[in-house]
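Both complexes shown next keep subunit A, but they swap its partner, so subunit B is in the first and subunit C is in the second.
Take a look at the complex of A and B:
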């Protein structure tokens, strides 16, 4: 693997993990009794930016390297499901995350005190944040399985 | 700028972008026709590949374009909306779309594997 693709893969993994950590932080802070809204919103924007960086780096690597070098090795090996089930799911589910995270970040930035006083809205925000965090963790675990399948 | 209108339009556009991604992915995998050499090909994936270099890149770019255009159009509709009560259902809609889209994509991948 060239230095460029190794760098892209590392950037994809690190920024993806950063996104997961920030998404988890948003959920965790939302579940606390006292909500510091701008801190939570800032974390949501960091998660969004991390997912975008991971999206671009991972996409470039996937397009120019993975498809012609790693994919054939996995699908002809002992663990073809690592690509067919997990990579095929991961690559598309990952496309959902930036849209949902941006919507969550904008909601957290612009709702002011309403989110604290309106319990229905707060519940909906927590539910969305939990779903984003859960999906981000699933995508991360899929990445680990794919790496295992490639080895 | 009307903040409630902006959030409503963004939430709905994000949900529609996820539906678009799910539908184009499932259709791209399941709708196949016989190519010139007799092998089954996917016209949708081939079209995206011809236009963007890779079907995955095409799906991402089209989803972003759809999200931006829809956000602008829906903002024009919701720009006078001041009732924050309507925010909760758009957030819930986005959450359910996210979960159902994931289940659908995962189901498709498992189906593809069983037919591999």
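Take a look at the complex of A and C:
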């Protein structure tokens, strides 16, 4: 693997992980009694930026390296499901994760105090944040399974 | 300094902060609940403990992923299917999930504190087993499911026993006043 692809893969993993940590932080802060909306929104924007970096790095790596070098090794090896099930799911979930996070960040930025007073909106925002965090964790664990399948 | 050594130092530091923080939470919580009231000072001390645990968690996770990246680049990818690694990942996820449940007041103190305290110690022990390549399996033949299930069963038993011991410890402290 060239230095470029190794760098892209490391960037993909670390920025994705940063996104997961910030998404978790958003959920955690939303569950607090006193909500500091701008702090939470800032974390959501950090998560969004991290996912975008991970998206571009991972996409480039997949397009130029994974498809022609890693994928054939996995599908012809002992663990073809690592690609067929997990990579195929991961790449589709990963497509909308940054946009769901951006939607969350924008909602937190532009709803003002409504989110504090409107319990239904607050519940919906917490649900969205929880769903993003859960999906991001699933994508992360899928990444480990995919890497493990390439031998 | 090579990357592997840096990751080991970081991971051990994160684990020490996390395990130490989780232990201090229990000690401070037992002390705070002695008079059934948590004062502002006691709340502030507990907030520092919780903060330390979070720092430990993030440091452990980031350095843990550093090891996984290292495995990938050294063609040691078989390690990524180690049942002990997946048991440890599951326990770390439970620690994170428990944090959210405690924050949302969706879990009581009896189970919440036991999950946090036991999970940190248990994850540290599984980490040692992973490093020292110590394996155990209740089901005879060595399979991923067999070893993973054995660890999780031991973990569940540890949480149940841990919850009872912590409650006894809290009762003992509160009976001293």
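Operating definition for what follows: the second predicted complex is superposed on the first by the 151 of 151 C-alpha atoms of A that agree within 3 Å, B and C clash if a C-alpha of one lies under 4 Å from a C-alpha of the other, contacts with A are read in each partner's own complex, and residues count from 1 in each chain.
Here is the rule we use: contacts are C-beta pairs under 8 Å (C-beta built on N, C-alpha and C of every residue); 3 or more make two chains touch, one makes a residue touch a chain.
What you see is a predicted model, and the numbers here were worked out from it, not measured in a lab.
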item	value
Subunit C versus subunit B on the shared subunit A, clash or fit after superposition	fit
Subunit A as apex of subunit B and subunit C, Cα-centre angle in degrees (nearest 10)	150
Which superposed partner A:99 touches (first subunit B, second subunit C, both, neither)	first
Subunit B versus subunit C as contact partner of A:13, first or second or both or neither	second
Touching partner for A:27 - first (subunit B), second (subunit C), both, neither	second
Which of subunit B and subunit C A:63 touches, first, second, both or neither	first
Subunit B versus subunit C as contact partner of A:132, first or second or both or neither	first
Dominant toucher of subunit A (residue count), subunit B or subunit C	B
Contacts of A:145 with subunit B and subunit C, given as first, second, both or neither	second
Superposition-derived minimum Cα distance between subunit C and subunit B (Å)	19
Touching residues on subunit A, where the partner in the complex is subunit B	55, 59, 62-63, 67, 80-81, 84-86, 88-89, 91-93, 95-96, 99-100, 102-103, 106-107, 110-111, 114, 118, 120-121, 123-125, 127-128, 131-132, 135, 138
Subunit C residues within the subunit A interface of the complex	58, 61-62, 65, 68-69, 71-73, 75, 77-81, 89, 93, 96, 99-100, 103-104
Partner subunit C, residues of subunit A touching it in the complex	1, 6, 9-10, 13-14, 17, 21, 24, 27-28, 31-32, 79, 130, 137, 141, 144-145, 147-151
Touch list for subunit B against partner subunit A, complex	3-4, 6-7, 10-11, 13-14, 17-18, 21-22, 25, 53-54, 56-57, 59-60, 63, 67, 84-85, 87-89, 91-92, 94-95, 98-99, 101-102, 105-106, 108-110, 112-113, 116
